[in-house]
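By written order: A, B, C, D, E and F. Residues from 1 in each chain.
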Amino acid sequence: MSKVAAFGEVMMRLQVPGYETLEKSSRLDYSFSGSGVNVAAALARYGHTGYIITTLPDTPVGDAALAYLRKLGIDTAYVNRGGKQLGMYFLENGFGVRPGRVTYSDRRGSSFNTSPLKSYEAAAIASHIEVLHLCGITLAMNDNVRLQMKQLATEVKGAGGKVVFDCNYRPSLWGDDGYAKARPHYEDLLELADIAMMNEKDAECILGIRVGEYDRITQLKQAIPEVARRFRLQTVAGTHREINGDNTHSLTGYIYTGETFRFSRKLTFSVHDRIGAGDAFASAVIHGELKGDVSQHTVDRAAAAAMLAHTVAGDTALFTEAEVSRVLTDHIGDVER
Amino acid sequence: MSKVAAFGEVMMRLQVPGYETLEKSSRLDYSFSGSGVNVAAALARYGHTGYIITTLPDTPVGDAALAYLRKLGIDTAYVNRGGKQLGMYFLENGFGVRPGRVTYSDRRGSSFNTSPLKSYEAAAIASHIEVLHLCGITLAMNDNVRLQMKQLATEVKGAGGKVVFDCNYRPSLWGDDGYAKARPHYEDLLELADIAMMNEKDAECILGIRVGEYDRITQLKQAIPEVARRFRLQTVAGTHREINGDNTHSLTGYIYTGETFRFSRKLTFSVHDRIGAGDAFASAVIHGELKGDVSQHTVDRAAAAAMLAHTVAGDTALFTEAEVSRVLTDHIGDVER
Amino acid sequence: MSKVAAFGEVMMRLQVPGYETLEKSSRLDYSFSGSGVNVAAALARYGHTGYIITTLPDTPVGDAALAYLRKLGIDTAYVNRGGKQLGMYFLENGFGVRPGRVTYSDRRGSSFNTSPLKSYEAAAIASHIEVLHLCGITLAMNDNVRLQMKQLATEVKGAGGKVVFDCNYRPSLWGDDGYAKARPHYEDLLELADIAMMNEKDAECILGIRVGEYDRITQLKQAIPEVARRFRLQTVAGTHREINGDNTHSLTGYIYTGETFRFSRKLTFSVHDRIGAGDAFASAVIHGELKGDVSQHTVDRAAAAAMLAHTVAGDTALFTEAEVSRVLTDHIGDVER
Amino acid sequence: MSKVAAFGEVMMRLQVPGYETLEKSSRLDYSFSGSGVNVAAALARYGHTGYIITTLPDTPVGDAALAYLRKLGIDTAYVNRGGKQLGMYFLENGFGVRPGRVTYSDRRGSSFNTSPLKSYEAAAIASHIEVLHLCGITLAMNDNVRLQMKQLATEVKGAGGKVVFDCNYRPSLWGDDGYAKARPHYEDLLELADIAMMNEKDAECILGIRVGEYDRITQLKQAIPEVARRFRLQTVAGTHREINGDNTHSLTGYIYTGETFRFSRKLTFSVHDRIGAGDAFASAVIHGELKGDVSQHTVDRAAAAAMLAHTVAGDTALFTEAEVSRVLTDHIGDVER
Amino acid sequence: MSKVAAFGEVMMRLQVPGYETLEKSSRLDYSFSGSGVNVAAALARYGHTGYIITTLPDTPVGDAALAYLRKLGIDTAYVNRGGKQLGMYFLENGFGVRPGRVTYSDRRGSSFNTSPLKSYEAAAIASHIEVLHLCGITLAMNDNVRLQMKQLATEVKGAGGKVVFDCNYRPSLWGDDGYAKARPHYEDLLELADIAMMNEKDAECILGIRVGEYDRITQLKQAIPEVARRFRLQTVAGTHREINGDNTHSLTGYIYTGETFRFSRKLTFSVHDRIGAGDAFASAVIHGELKGDVSQHTVDRAAAAAMLAHTVAGDTALFTEAEVSRVLTDHIGDVER
Amino acid sequence: MSKVAAFGEVMMRLQVPGYETLEKSSRLDYSFSGSGVNVAAALARYGHTGYIITTLPDTPVGDAALAYLRKLGIDTAYVNRGGKQLGMYFLENGFGVRPGRVTYSDRRGSSFNTSPLKSYEAAAIASHIEVLHLCGITLAMNDNVRLQMKQLATEVKGAGGKVVFDCNYRPSLWGDDGYAKARPHYEDLLELADIAMMNEKDAECILGIRVGEYDRITQLKQAIPEVARRFRLQTVAGTHREINGDNTHSLTGYIYTGETFRFSRKLTFSVHDRIGAGDAFASAVIHGELKGDVSQHTVDRAAAAAMLAHTVAGDTALFTEAEVSRVLTDHIGDVER
């Protein structure tokens, strides 16, 4: 198996239990997550060594985060300690027609976002790992962090490793004229990437690729090959999500590799916790690529992994390949006993 | 914005968590509610000043109720303290085909139901508020409470305010021959009311208005104008509820004002907690009338408010006008982040 | 072993967890107890058959109470069902210098307190049991209940059984001039009793026996023999409690039988839950008398049982004779593994 | 009403709350159950006296199990104490497409499975009870337990009682070549049985009866009369279950008695806790047979009881006959208040 | 009674339940507090109108804080909304020799600390209230907040009101050379104050007053009159705390007014939650001054209030004057029932 | 820092929360521990690499155990997976005079105790680690496990590493004539050990060394040098514990090395969770030896570590060297903020 490292911030998730609101409740459940955390943990569960490259505060909150990462099976050798702040967010579950709500604390002053430019030993890390995962959320943080991303990606490519970039554009993080601000940075990262996670909306909005007034699949088939060509990407993958009226979501995954598209079948399922599903999809794509699986298998398993991620509380979904595969082939099963 | 006071009992709600029964569990979650509480709190959330006119016991339980009312945003200036008892009810949630159960403690001896006739300074209150909300549950209590209701309503009308009366007939509270016993009191209250919450079944059973063997809408269109005419009501409003087999309910609201009916579209939705939805509807009708909204807007928002009330635990639904409006216009949304 | 029945009300105990107050918390733990419950359960644990003679409401709350009694090991053959109300009380734990608080709901309308005079088949019960336990709390309820007590006691005596009466005078239940009101009823019950639980204060205040300005032990030694003589009591027993500043209590038990006093040594111990300790003492006295133990053993074990009752949450202490005996003889022990 | 005893193991159920996994959570809810427990408790709730014949360890865990059985309303007169081990299983709830998981601790060394052959006073029990319930799970344990089953069944038959045998074949308990190993024991038990719970798959796999390539109902109609004939069974009953994609199950019950089949209508319902539904069905069949109900009523109520068992947490469903009947006839109801 | 307003930040308190650590637990209890919150709530409980002058974020977290303030009985008329951040701190309880730990999130970017200089209508507030409470923690924040403090104090003095300043020096908030940085600001505030909360250490370290190598009482008697003289203070008050080895603390309060010292007796007590005791002391001093109590009564009650604040979880102690007085005079009591 | 591996079983700890009993409660908190787990985790917290050599079942329970070990900071490279059973124990906390209770499930069939003789690659492990920790609890299991212990110890000694043996004799695990059965195995292990944890009672009972009728310190000073001599031990260390009446324990540590005794001062402290304190002492001794600290420092820190282990829930105490040292030197501190 391989050594995969994800670079990104660890956040504290503070969730109101059940369907209560912050105003009515007095209790929170906490855990620690982040796009990089989710990917490193999922790949560790698939049998790889999953690292997170990050900085945690030197406080009891940082200690708790570190222990949680270990519990997830992440190798914490590349976790720095320093500073005093950890990004946090509050989560209130929605119910039916009432949407859930996420309230962020200020991440700008977090240990991760204020760590010195040369905090991470990029060359040493690059010589040790085979895959680096980066994400558009991190890219939105600040110039310093963006430089750290590019430095790591450059070193990894130089050492013969692969770079995965998940576009993951969050409008609220880029502010007004966000797409214009973001484009040059996204272009830089896509230049460094071998595998990109994105769909036709990212291509259109961030990269300015024309997709026309067509249905989404046609748009996808126009835009993604152009992106792959322009940035010499080995693989591009992503999902289309529909939110249905009956507490279910539908998800279709695609993968574009070797100039060919493969689509998963459309999966429809009940949703327990929506957060982290994109990372589950990305992790299964990376795993498929690392295994050299045929792309139809990879996209099927990635869609199934994303679906399963909706059935567990918390951002980080931990399923073995066998568990993911079984959900693809099985009928809905009775309790296992 | 306006000053609105609701007169009614505060009850302690003792709920078994999750889907357990009193026999199996050993834990309860408690809160405080009541029709008046729900209306005063909802109107406070819409931006009005919401008072509750009531009496709470002079015990730690009463202290807890008072703090809870404040938390809901209710102005407690008209809350008296005295006596030792608070009405209570136990709630066991149903699941699927298993119905929920409510078990009441004896309310007859509660501080509210035994407060002396002249407990409340009706004239002073009437000179200060613009709307008084009364409810059929309170009307079922005893002669003393009924006199307090009529006294308050008379004073408010005399001072130029409006009286809202929610018929809310509960068979178990009136006993045998309940409709016959209740009718004169309902007639007295409707005489004093400007706005009434009711539907064709109330008109038929309580007031004895013939509705014929027609469908419910036709019955409604026959009965409600007659009621409005007889009691010189400015506005009558109410809902039709259907309980579906798949854990969803459907709700259609109507409003009759200016000799015209307006209906909301029929809303179908998953149910988390059924209690208090009628008060959410009534509150939004009062708010619409106070704002002078067109009646179609008012009934649409009232139905949406009732629908949202089914998505939160507890009797008292707290949504701003913006939140109610959004659920009317939006597609079902993803988590807000 | 013997058949022992206790007559009395079952109450629902609603306790705020930890050291929170009703005003700050939103959760309660509930259980069911009462003096009779505690005695019947403790005697069942000692190996006797312990009955409770009572009436529970015909509601889900009554079902829950019944299941709880069974769990305690009580034989529920003499439990009637009827009415709709169960007595309740709220308990807020104190901490250090902050005293705990008990808030009662209205017990007057409870199923037990409103059950018809001839609810219980006194003669049939009397022919089946060997000991009847009665308590001063029940005596304070109303005339109907007092008649039921006396009827049961008379039948049991007639059938050759023994009657135990625990004076347990609660000032708040008798109101103004309580002692004067209570005295004739206490005298009636003591006339019927074979064993009484009381101390010199009960003798002085309720029965009007002069105890002089002496220390408590001297007062006890004057008053109790007089009481025993006057009412032809086989055994009188009770405790002296001291509440110390450091979260500990001290307890000394006495027993007077065969015209002789025996005292336990003074036990000092940390307190987790103070309620129900008197019933634990009474139960161990009854058990000792039924076994025909020497009175020094009985009073020692009764004091130890009362002490252990302070170490468990809930009103009802469940310890075997072996567990009680061990705490008497053992050094304070390490964890048992 | 009748006296019914079930023979079988009591197990401790250790359930992760909500939809968490053992790996993520740190809390468990525990209760005690088993096929015999479920049947004895359900019959007690229908008004019979329900005994469990079993052995519990002589430890605090055994004490807790015993108290729990009493709470369920089971008569524990035939519960032996001895040994140190209780069978346990962990339960993780599934959600949507993610299946639930059951992990057993080793039952082989449990107090029940290692109790000496002559532990139970079979003749005395047989002279006291009218019905004995046995189950295929118990039959899978070991030779000693199988002998105890047969001895009890023989004594009960000899004393004029009825024997109910629920086939309940669990492949994981019998291992390789399980059907071949199991067949002689199943045949022995069916020879002793008056009522059997089974369906066409049991007939085919365990007893080797040919059912052909037909639909399940046709297979059932071929196999069950043959089984009834061969083993001279008074009644055979069972269910067909379908697991649907939308978190609902469908259930159809059948009963074959007097050479006639009766089927319940197919019930479809949301599922809260799947475990114990078969025992709820069996209990209602036994109750119907004991009452002498017409078989259509019996199978309808049995299917409704099984359906209700899916709506409560825990293995043991406690519903009165009235509650079961109401769910059959009622429209889905609003909260009862 | 009076109108008292406290100016200061509201913080979210995130507490690990029981004696667990952030690293081992996964749950938090949250509430909202701050020095101003504690003082406003305590004075409201004494019967005054207690305002908090602050800014809360315009987020669900801010909504929750606002509801919590209302529950505490605080008048929220002077609460502004704006910004997105609320200060937070994590609390891990200590046990015995293991100290508790507080971990702060970054408060610098909070809505309160970044609110524009003219956020509060100082003149309007000053014309309405009688007392303004300020605190040294707020003074440590930034220049903008310090200007807001001085502006409010100046307006209140100008309008004839009183200013209370609690020195409450926190070394970690001022950093290196903290005393030197803090001194001019403390001097400004003391110039504006009528009542100051401080002790001899504050006088020495912050103001540079020589106290010599004497015992603390002698130092106090030297320093405080000099401070009072220099800043023309009507009253100065404070406490001496000792932390004992057996989980108890000892507290002695003093008050200096009319050139006379009064001391409470030294109170020793078990500690449940140490935070907020200083604010309880200050609130009782303010209440005593507003009532015009004799200073011995005031200091006795303030020390008792501080002691009681150690017996409840949460920063904010809510006791009536009667409850505080009773703990002064009573023996340690049994449970109140 | 060093590489230390502990060999031993991982057990699941199932604890009733608070001070409830298994009979009254329905909830458990679970974690995973064992002597080896405690030592490996404590040494990891001191900065070493801490391995556990063990076998976990290949079930969801085993997955949960593995994640928990990682959370503790243990390196799980030497954890095998296989079998289906994990040892478990139930823990009921005592309160005051009521002792706590531990109830074990059957460990004999656990994955660890049934793992094949050659499960662990002893030579490879020995070549990698510097210290091996073994414990008398493991020694009591079975011959196979004893052979595994001796094989590992032999290999480690052969590879130049050190062996630590903690005598930790548990009478209940050895049964009748336990000391006689245990002696040859203890002698074998002590022959292989460099460092032993024991006291004079172990020397007397297990090894048969005469200690005379003296006080414990004199006995210790006679027995331990003889043991050290006979088995050529570099270091012997241990504790004397006293259990006081007021919920406190007292602990004195000793170390014997270089033919010299050093004693810690006697520490007296409140106890929150007694389990795992001996392992905390042993870990600190190992750490001191690995650092080459002077033995007085080592024994002082070891006693302090043991004391701190009593202040946290759970068997495994996680304190840094700095935290341990501070509790030795500091006065009891206020909350750290």
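The criterion applied here is as follows: a residue touches a chain if its C-beta (ideal position, glycine included) is under 8 Å from a C-beta of that chain, and two chains touch if they have at least 3 such contacts.
Keep in mind the model is a prediction, meaning the values are calculated, not measured.
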{"item": "Same or different contact residues where chain F meets its copy chain E, judged by the half mark", "value": "different"}
{"item": "Centroid comparison with chain D (C-alpha atoms), farthest chain", "value": "E"}
{"item": "Copy-to-copy rotation for chain D and chain F - C-alpha atoms, rounded to a multiple of 5°", "value": "180"}
{"item": "Where chain A and chain D are represented by their mean Cα positions, the distance between them in whole Å", "value": "46"}
{"item": "Approximate Å spacing (C-alpha centroids) for the pair chain A, chain E", "value": "45"}
{"item": "Where chain C touches two or more other chains, by residue", "value": "21, 23, 26, 67, 101, 104"}
{"item": "Residues on chain C engaged by chain D in the complex (per definition of touch)", "value": "67-68, 70-73"}
{"item": "Interface residues, chain E side, partner chain A - complex", "value": "14, 21-23, 26-31, 59-61, 63-64, 67, 84-85, 88, 90, 92, 101, 103-106, 108-109"}
{"item": "Chain C partner contacts - residues on chain E that touch it in the complex", "value": "269-272, 307-308, 310-314, 318, 327, 331-337"}
{"item": "Chain B - residues contacting chain D, complex", "value": "18-21, 23-24, 89, 91, 94-102, 104, 170, 172, 241, 243-247, 274-275"}
